[in-house]
Amino acid sequence: MKKVKLVLVLGLAVVLVAAFVLPGCAPPKEEVEPIKIGCSLALTGKYSWTGERYKEGLLVWQTQVNERGYSSGLEWCGHTEPGLIDGRPVEVIIYDDKSDPATGVKLYHKLITEDKVDLCFGPYSSAIAKAISTVVERYEMPTASCGASDPGIWGGNNLQWMVQGMQPTDEYFPGVADIAAKMGAKTAAIIHEDTAFPISLMNSFRGQLEAKGIEVVLCEAYPKGITDWTPILTKAMAAKPDVVGIGGYEPDSIGLTKAAQALKADAGIFVWTVGAGAPTYVEAVGDACYAMCCESLWEGILDTPGNEEYLEATYRIAGLPPEKHEYHTTFGYLAGQLMEIAVKEVGAIDKEAIRDTLFEMEVETVYGPYKVLPLDSPDSGFQTASKGLLIQWQPKKVGVEYPPGQVIIGDWVKEVIYPYELATAEPIWPHPGWD
Amino acid sequence: MMISVDRDEEGRLKDGKNVLEVQNVTKEFGSLVALNNVSIWIEEGKITGLIGPNGAGKTTLFNVITGQFRADKGKVFFRGKDITKLKPYQIARRGIGRTWQVIRIFPNMTVLENLMTAANLRERNAGEKALELLELAGLVAEKDSYAGELSTGQQKFLELVRILMFDADVMLLDEVAAGINPTEQLAALELIHNLCDQKGKTFFIVEHDMDVIMGHCDKVICLNFGEKIAEGTPKEVQNNEKVIRVYFGA
Amino acid sequence: MNKSDKLRLAEKFKTDKRLWLYAIAVIVVALLIALPRIVSPYLCSVVFLMFIYIAYAEAWNIMTGFTGYINFGFSVFAGIGGYASAILIIDHGIWWPVGWLLGGVFASIGALILGSFMLRLRGSYFAIGMLCLLLAAPVLATTEYLIPLTHGGYGFQFVQPVSDLTMYYSAFFISAATVFVAYKIITSSFGAKLLAIREDEEGAGSIGINTTKEKISAFAISGFFAGLAASVFFAFQNYIDPSSAFSAWYNSLPIIMVLLGGIGTLWGPVVGAVIMTFVEEFFWSVLPETYFMACGAVIVLLVLLLPGGIITWFKSRGILPRTRAI
Amino acid sequence: MELLIIALVEGILLGSVYGLGAMGLSLIFGIMRIINLVHGEFLMLGAFTCFWLWFLLGMNPIGATFVAMLVIAALAAFLYKVAIFRVVGKFPLLSRVLTFGLAIFLWNFSEFAFGSTFRSVNYPTGSIGFLGSYLSVNKIICFVVALIIAGVLFASLKWTRIGKALRAASQNPRVALISGINIHRIRLLSYAMGGALAGIAGGLIAIQWAIYPSIGQILILKCFAMVALGGLGSLPGALLGGVFLGIAESVGTMYWGATIAGVIAPLTVIAVFIFRPQGLWGVVERVD
């Protein structure tokens, strides 16, 4: 029996040695292979709706670049032969992370080490971006994150490889405080879901309101998965606020609007996040969307380079009509464009140089201006240039010719009311009632 | 035989020498009185039988003694100590083991594992002890079979020796001879006698088979509608009028 | 080694099938130890998760498979462990191995406290009660009383000072330890007592088993390994928030795995975890859009076709010995 | 005080719809002794059936709710015939995992088929004044529908032959079997009825709230809470449990905040289980 054990131990040793000696054989590289850019998105699970939009945008960008060598509005980047650089096409590898942070981490390992992607895009939702930031940092992979707005991801972490392409949450409710102060509002109520993104959003909103001298009389969190909003809204309305700010996701905005309608809630202005800007919102609540405000991060009517062309391309490639456009799609497109600019600027797939460019460049994309804090800043990678918009659903005016990028659902038009220089309409204040 | 110097007027041993004493126990289920002021005592090293028609409260009495039910009134003493309020497992650990009317071995465990369940955690050679007991029960060959696959008789033996695994001194057997063939019955009774005579174990058995009761018990107690109606040697009980009336409806 | 020795050895292998099993086991263990040197870090992270799954599944099995108390609130203990270790290591600067261990200890204490009143419930009551606990846990973590500790719904982003390789070996060690402890339990009289509780709790009491104590011990052991594995899992995830800590999906996963492998057996959870890891990987790469759906379908088919799990099926066919240990 | 009354009324309106869904779960549990984890998906599919009928065919949502009832009942019967009957009366974990697998399948199937977009039936009917606040007429309609359905159900359980058989089977399956009731038919019927109740509750949910494929996961947990409060297997208990939960959520939200309200339900369940295992109004019976 002792000898048997000896044999087993020897066997173990042989296997171990073999395992360590055998090198991980890499296949020979082909010369013209696509430039691979990877990302994981929430294609199933609770964030899947937004994940799908993000994916659309990425695919539109990929198609455009592979067709003609540049995407809408970026002719100035040069390289007009098909492909990103050197005639190499782009291949965006998209995996589904099931809206689960751990799966996201696993997938970024896969993208970087197994698929050997050249560059990365960030995932959707702040929670998953928080989880994967460590991975891309460790593998030193330049990453354009355009689906995570929580400043906490960058704040104080001195990230070296991941940049924020979209606005941070501080930019989500621009001008509400300003408009409200102008209209003489005194009090505000805030209701928000108790998860990372709404919390950080509402904290900054609260600061903006207080800075304008508006008192926040109620700030209440609700847990995820609530179904009936009437009680919480009744409570909020009992405080008689002039401004009602609501932070949550898509289903919440429908439920809360319906509750507000049922309660005939009376306030100066209602501001919602995420859900209320979407066409499906208007379909679901109908006329109750009248004068509802929502943050918007991008609109088709903006005067950014290539915006009109981008709208056409999305219609052609992703089948999304301009009047039903949604800024979440533009997230993906933005991520693509940022990489495109950086890669073309560097002229090669040189990770470090691309990273440096991403951190240094100051450009205009379809999405708008882009600039992040430099590498030596404690909050490096944090977006500073991109500004948010405020939109309001207003009735369609008879005899008015709307520009092609304007979102029109039935009788309702999505009008930009802030910043004033971009506004397409005057804000409706106070809320006109429910009849 | 019953009367001797150190017994009280009711015939029970004085100075707590009865291994098990039930004093004036009453147990009610709603309006049904399952046990009404029952007092019995069991002597060490003897086989005591418990008889009575269906619904007389025999199993309830067992359940009260082993702590499955708590008596509404009255007390149960084991070796002079009050065990009325103890939990079933504590009573078992004091040394009272029982079997059930419906066999309650663990069918999805092997025979050996069934015995191991009853082993004391601190006991070093529990395995050897289990094998010894299996030998006693004639089940060594079946030690790795699932208990559910054994014959009824074998299951009864298993249930019996499982009690021995934790060294119970008093064994309450509920219908040990029911549902098994005569050969096994004889073997079981022989085992009981052996344990009684050689190891000084005490048995308290519920039995319907009068032959078993009359031929093997030292003392018999008869219950009817929750009340003790007779007590004494098998012969005395057999000739007791009340018992006859209960059994033969005369 | 001379010729006759070799001959004897060959005979030995022929006659004793278990020796082959040992040989295979040794090779598998060696491969797993060497894996980070052979394959890509991605595959390693898959195997890493597999180890975590094994530990989860075996820990769940210790509770439910052995005692029969259906624990639908497994994530509660994983969440407690994950939170405890993250808070201790990051906010209080405790050395990470100690932090992980304490994660397990806290989960174990949680299991002890929760168990001491939840385990009074039986059958469906216990199952639903645990489910309600799972439902309450993430909300409790966001109440104002716990926010200073848990950082609330905002989540808690951290980087533990541990390399991927360390995490891989730690997970390997933890899963091995869990299986080893499960083996020790199932071959001891403690294990026999737990099985007795599963079979017939009242009957178990009548043969001197302190059922309350035994099942709470099982609960605490199960909680310890759940918390320990979760500590490493959340170190891998670098992030913890109430919804991922008390996740419904990671609550269900061990249940599926154990059922797939064979509930109440030692190797069932391991087999189930290994298979599920690769089934998930396979469906995920072949059917990116519908693989969740496919997973659901696989579960349904498994229950209908293999209700006892793989190990039990092999046992009933006589392919595997029936002793508990295998 | 007015706020409290409003909260109570809102709670009752909300709870009636909750209770309808929970009654289905309780019915299935009472007769088959399985925890029907697919119930949440029944609710979700009922909601979507109602939505699509309204959206595509322009049907009246209340009418569509009744169609949804039939559709989900048929689906439930189909699932019972194909799979569920195989696990009834077996080791409880089997049915749990089977229904869990079905739930995952149906949920992701809906996500695949309908997309994960949130939707809602837009059926505005206005509001009526109430103590200085307003109540949605929609909710009152839903409440009335829920009451009618519950009433019809209770009446048929009490007076029809099949209803008596159902009750008998619920109280003691074995006795029912002996007394000549075809237990398989009864189980099929009860499962379909459970599905029907979920279908109708789902339709009412689609009218009031936003729906999306994963809503079933949220709803089923609430259903558990209600069933547990009312006593497993008890139908009036489930309805009362629903009302209790509705009131707890609504009053709790107004007085202690939504987060605290969120834990009221599960913690009450645990407390009820420990101190009063038959539920608050439950029929006294042992369930293992």
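By letter and in written order, the chains are A, B, C and D; residue numbering begins at 1 in each of them.
In the analysis below, a residue touches a chain if its C-beta (ideal position, glycine included) is under 8 Å from a C-beta of that chain, and two chains touch if they have at least 3 such contacts.
Note that the coordinates shown come from a computational prediction; the quantities given were computed from them, not determined experimentally.
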Pair joined by the larger number of C-beta contacts - B-C, A-C: A-C
Furthest chain, CA centroid comparison against chain C: B
For chain B paired with chain C, centre-to-centre distance based on mean C-alpha positions, whole Å: 43
Between chain A and chain B, centroid-to-centroid distance (C-alpha), Å: 75
Whole-Å gap between the CA centroids of chain A and chain D: 36
Where chain D touches two or more other chains at once, by residue number: 108, 111, 221, 259, 262
Chain A: positions in contact with at least two other chains: 44, 194, 221, 223
Numbers and ranges of chain C residues touching at least 2 other chains: 139, 142, 289, 292
Topology of the chain contact graph, where touching chains are joined (line, ring, star, complete, other): other
Touching pairs among all chains present in the structure: A-C, A-D, B-C, C-D
Contact footprint of chain D on chain C as seen in their complex: 64, 70, 72, 117-118, 120-125, 127-129, 131-133, 135-136, 139-140, 142-144, 248, 252, 255-256, 259, 263, 289-290, 292-293, 295-300, 302-304, 307
Chain C-touching residues of chain B, taken from the complex the two chains share: 66-68, 87-90, 92-93, 97-98, 100, 104-110, 113-114, 116-121, 123, 126, 144, 146, 162-163, 165-166
In the complex, chain A residues that touch chain D: 44-46, 48-49, 52, 194, 220-223, 225-228, 230-232, 234-235, 237-238, 250-255, 258, 261-264, 275, 280, 283-288, 434
Residues of chain D touching chain C in the complex: 29, 33, 35, 83, 86-87, 90-94, 96-98, 100-109, 111-112, 217, 221, 224-225, 227-228, 232, 259-260, 262-263, 265-267, 269-270, 273-274, 277, 287-288
Footprint of chain B on chain C - complex, ascending: 189-190, 192-193, 195-196, 199-200, 202-211, 322-324
